[in-house]
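A short write-up of the structure that comes next.
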């Protein structure tokens, strides 16, 4: 499989100096063409920070302190997104990677019509396009996400939550980007709507062939909808594997705990384990494996040594990686 | 629609209450216009004139406060504001009509300019925090804390004088007759510069501050990040996304401040002998000129209320969220 | 389009080398257009230009009040001995600015107008019969008018009958297009000012050389002062603190201040009903210690209210002719020692810095005047420290003007600086202070005078006698009597005189009245202004 | 009117199972019961409506029956805006009800304020959805708990009593050692800890019934479980009656004895949790369950329910659909659904399992084919 | 007098510093309460204000001269004897300024307090009780908002015999509460439906307790900033009234000094020392109060707090500015920050660390 986006040792901090919060630490992750990569982890584990850090969208005091984000365009050479000039970065944004945020109400400008918000992307990226074809394109996108184009002139508040989220998805796809990042796109919606929208997204992906980074803390949702899942804890990726693999056989105790926290709706009533303790303080991270204070299986090396993300010596180890002393790894993988 | 009717009922009530208060409060003050006139002229007017003045002002008939109040409303409904005492026998409506344009033009335009400048600087200061704009606030704050009559007087002292470009007083050159011609307009502009400048200096910081704060608040909204993520130009994000939204709360402040134009400028007009309403109000206050006071209060009240209505309207126009029901 | 503009002339005029206009200012605030000469509130009155348009029958010089009046619209005025009637012979060469001839009918009409409109009759003249015979108007009055003679003849603007009889309510008419007999006509009224232009034809006297008068009303003394200093105003009547620094020094060669005193004074009224101030001795002592020179230099900027020196309270110059023989040359001397001795003899005790009255109570006094009257306030501060020298503890209160006014009228004050009425004789001064006919009980407003509730049958009788006297001897006797009471009883402590002066610049125009030639007062709002304007000549000619 | 309007007369007959007697526990003492509970929020009337008789209102809750029993948890599930919170607030007497009855131990109680309200609050307490918002940021934990104890006279007489009571409360919600938490401010605690404090506060009144309005929906996945387990633990130890409100039907299965499903202000299905979640009867419940994320399902699986009608939007509560409120979205809708309000019908698979759906009325199904609404 | 444009109207209480869950470290949280003082603006503003208050208290005792006392040094420029020169009566301007501090501070604070109390009572009552009460009270405050304040004050002061500072403070306080009342009402409305208020109600708290103990503390910042705003307004009103000679109770304040100076045309006389110091004294007091107000705004809405350093050094030595939309990249080398090496470990022999797992 061919990569579209390679994140290498990305580090993001909030603030500077002593009091800085290291929200993303040495993250390595590769997104392949056409896949849905799920990113899970509890609140504050750095998922959003990672997603926004990719395109330098973090608000102050966020600072990228190191790393590379290598983007492989469909044609042409790969380049480092973090090294782009402001102008090039503006051109890169949305044309190559688009983002769908958690709350659609907040991501749409309340004072502009949705048509304006759809077309100003085109105006910025394809200035030579005619007014007419811009609006035709916008209509087309709305139709694509299942909204009747006659709602073009509606203001965001005139649409329901689900419709707004669809508008956002339509807007994300309007330039046919290679990568779509979705940060908890459905947490504000109820389950029925959530399923509708995700179903539609998967459908569109099959038709348009973009890759998706899908962020949520709802692991069961990820297992159902994504190809591969990466699990974050304390700013690091602690495990990464195909969705089914994780579901069936998670290696990292944290992944296991996460899976054990969701009551299942179907099947036998299984006992829920949960994860004891509380999430770590990013500014005062435990030494070694940051999960060790909560880990039921922690042992000597966990406290002093940071485990590295690498291939576990399991039979299916080639397709996955984990950062845990319980699972000796061979070599770091992207 | 319903919203409007409610607002209008509310405004009418406020108007009634304010007018009633305006009627009664001045009448609690001891003394009367004649006594004030005598005192004002300090020896220039002999005490023998007292009787004739009472007759002249029609104060010789003794009417109860209540009867006066009823009369006042009757007159008001006929559009008659009565005759002023200070400028006897000019009708109050004429005095106001003469003075109002000056105030509205001077203070109105200045308020608009102040708002525009303040808002633009506020947008800059809010958007480019950490640049030179950070220094703007302390400086303007200092100037806005200075009482502006003080600033005006100092400006007159420093900047006017024989041969100076700035005239020290008046609304236009006394040898000219108001007309829309090439002599009068420049003169009027020239005379308004200094007062306008002092108002500007002392009022701009409020706008800068509130706009800056709103910009900062808005800048961390998700839709701003989305706008950046969409690769829009910095200008478009700053103006069409951030400033456009940050402006909304300030619009009502702006409309309200328009309402205070008439009432809020007593001292600039006094210091610069500007022929506006604020100055006349002060004279009316000093002279117990009830009809004139009431007339001016009426203008102020109405303008504040109209400004309020405008604020509502502006919000309605600018914020699609409030446009829900027709 | 430029030719249509009303300002086009002006712009052209600006290029002229010589100045043919005079800029007059008054610190009287906003004006609305009203050229009614009878309305005290009109712009014509506030700026004084009514006397450039309308004229009185005679001109009277308040600086030398004892001098006879100059005939003006009247070629002669003959009063009866009892001053209950007068015959006015009207000049036959005067015309109104609309070309009509000015006749005795006009004069009679004007008197009738005042008679039948109480609202216009500001001096409350008790007109009786007014008849016309040829060019003579005969007026009779209900009471003797000796003390009012100049108010009637020299302060009543004569208006054209043919215009005014058509006006339905003369009291409230703004007289939009004034037609008068004076040397000027109205050119324009704007919010910035009033412009008069000189009559080109038909004026009975010498046509003044000043072609145009530009009046501006400034917001307050400060604005007026600035305008004077800048040369924006050339003539004004305004209080200039430290006129040397603020005005004269700006152009020492041309900027002048002249402030002659008139028969109207300012002084500290004492409430004579309050103990211990009902004691004449105490009042005398207090009167003795007031430092009038300090007040003159510090409160009145050494010019504004000319210092009163004579113990009679009569101002120097204007009052000299009236001073009783026994008081000639007697001047206030700021005599602290004398005052102390006087008090001691009257049973007062000075323990250290506290004076106690014979009953043993410390003497305290509250001085009050409205805060905005800064010269009075300064005077009070000075008086306060003067009183302290004889152990009287004074406090200065600053009630607002309305409250102060009410308190003074109803007698709810202890001591207060106030003015007196003024007139052609000292009668007005003394009447305001001592007239028993004006006396009202404490609590009732005394609107006309005697605020200190001074009770003296002697003074009242003398005042009445003066007013009604039919001979000069009787008047002199009465006046001497009045002064005696005033000096001995000290019902009020005179401090300074009113002035009819001006601040002016003779850069462009010369010929102003001066100490050397006090041919009239100099205040730009008084009837004599046309007298002055007639004498002005271009400075560079 | 439907026969439900007469509900009080046939309570608690097996034909009208409300909370539904669970297996073996049917005899547990009833603590709190809502009968025909209805709440309409009046919408401010415009000028036009001023003269018409018609009153517009949000029909937030209509004719709801709930029975809370000692030692049992009843879950109330439904999508956002279906009126769950309103039910809880009605039960807590925070809102006056439009119609219906709330009975505490069989006695009708209506209180608005004052000591009567406090007496009621002593027995019925509520926990709010958002632990970040339900504690006053300016007060310490000690203040919050002390107030709860004092208001309900559980603070004892001396300071020592109070201190003991406070420790006891915190210990009960597993915030140990208590000293570590007592003097903290809410913002110094994690979400789970805050929710525990909120629970402790409710327990401070020593209530019999606890109304938990989405107590864990704002909490992180890994913490949720702890709070739910705590609630279950309390239910068992203190023999509390708990109303557990949630939109997460899976957690209802895990945590509640009985489950009630609400749709647009009405109850549509009820029964014991396992039955309702495993063999849902009402089409809405089915939609809900099918929509819940299911790791065992393949992503691409076409969902028969996906093309529902009405764009999947919940109906307006100001003018709710006639008949069954779900009919515009229901794939099985029959003509009758549009006109007649469905009554509660026994499903028959398990005792106490019912649904308000005409599909379970054999006569109707026979006469009208499901899924082909006119 | 433009309307107060303090941003209090946009303050979102509860979303303030307290509600920012992240960034707060347990244990250090106590210090949060003094965070306000760490704000440079607040500290500076409070320092100046403190000086003024000090002079207000001790001013009249430390004046070098009796401010009323006349001397023979008329209109003297500043000198060692007279730091701010003298007046036309030879009074010492410095003594007058010092002596005049007390009434200004007194009137400002008292009027501010009165207006604040009124606005709190009216605003919160209207907002919390709603309904008819709200309508009535809102109408009342609107009427007061509409009536022009300074003229109203002029009228009312002229009703009174002599206006003591106490009375003036009362009048200013009584006429200037309406703006704050409006702001507070709006805030209360938004707080009223907060969960913690509802929760307090559900716990069984009495209404007055809810208002006093749950609502009010959350409005402190808004109230404080309203208070400061009114103090500024009151000071300027007092000075304006004194300047136009309407108010002049016995004793000095800066407005009276300006009144005298202007009456004597101090500037025209060249006596700038008479006119300038009082104006500057007002300006500095106003600035100090404004600074405190900014600080309160920032305290309430942490977004307004500047993030300290905004210029950053990149790895390559250049500087970048923190700005929205373009996160600074300090280095884009792909070197990992933590040196984590896979070390071979034998899991079989590992003994899990025994630990107590807290629930």
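As written, the chains take the letters A, B, C, D and E, and residue 1 is the first residue of each chain.
Here, a contact is a pair of C-beta atoms (placed from the backbone, for glycine too) under 8 Å apart; a residue touches a chain by one contact, two chains touch by 3 or more.
Remember, it's a predicted structure, so these values are computed and weren't measured experimentally.
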{"item": "Chain D to chain E, fewest steps along touching chains", "value": "1"}
{"item": "Between the pairs B-C and A-B, the one where more C-beta pairs touch", "value": "B-C"}
{"item": "Chain centre separation in whole Å, for chain E relative to chain C (CA means)", "value": "52"}
{"item": "Rounded Å distance between chain A and chain C, as computed from the means of their C-alpha atoms", "value": "91"}
{"item": "Chain A-chain D separation of Cα centroids, rounded to whole Å", "value": "34"}
{"item": "Residues of chain D engaged with two or more neighbouring chains", "value": "226, 229"}
{"item": "Residue numbers of chain A (touch at least two other chains)", "value": "52, 57, 59, 89, 276"}
{"item": "For chain B, residues that touch 2 or more chains besides their own", "value": "29-30, 153, 156, 219-220, 225, 227-228, 270"}
{"item": "Chain B-facing residues of chain A, complex", "value": "52, 55, 57, 59, 89-95, 98-99, 101-103, 106-113, 120-121, 124-125, 155, 157-158, 171"}
{"item": "In the complex with chain B, residue positions of chain C that touch it", "value": "1-2, 5-8, 10-11, 21, 23, 29-34, 36, 39-42, 118-124, 171-174, 188, 190-193, 195, 214-216, 218-220, 222-223, 226-227, 229-232, 250, 264, 266, 370, 373, 401-406, 409, 419-423, 428, 432, 447-449, 498"}
{"item": "Chain D residues touching chain A - in the complex, by the definition given at the top", "value": "79-80, 190, 192-193, 220-226, 229, 247, 249-251, 253-255, 274, 277-278, 287-300, 303, 306, 312-313"}
{"item": "Residue numbers on chain B that touch chain C, as the complex places them", "value": "29-31, 35-39, 42-43, 45-53, 55-56, 83-90, 94-95, 98-99, 102, 153, 156, 160-162, 167-179, 181-184, 269-275, 279-280, 283, 286, 288"}
{"item": "Chain B residues within the chain A interface of the complex", "value": "219-223, 225-233, 236, 240-241, 244-245, 248, 318-321, 323-324"}
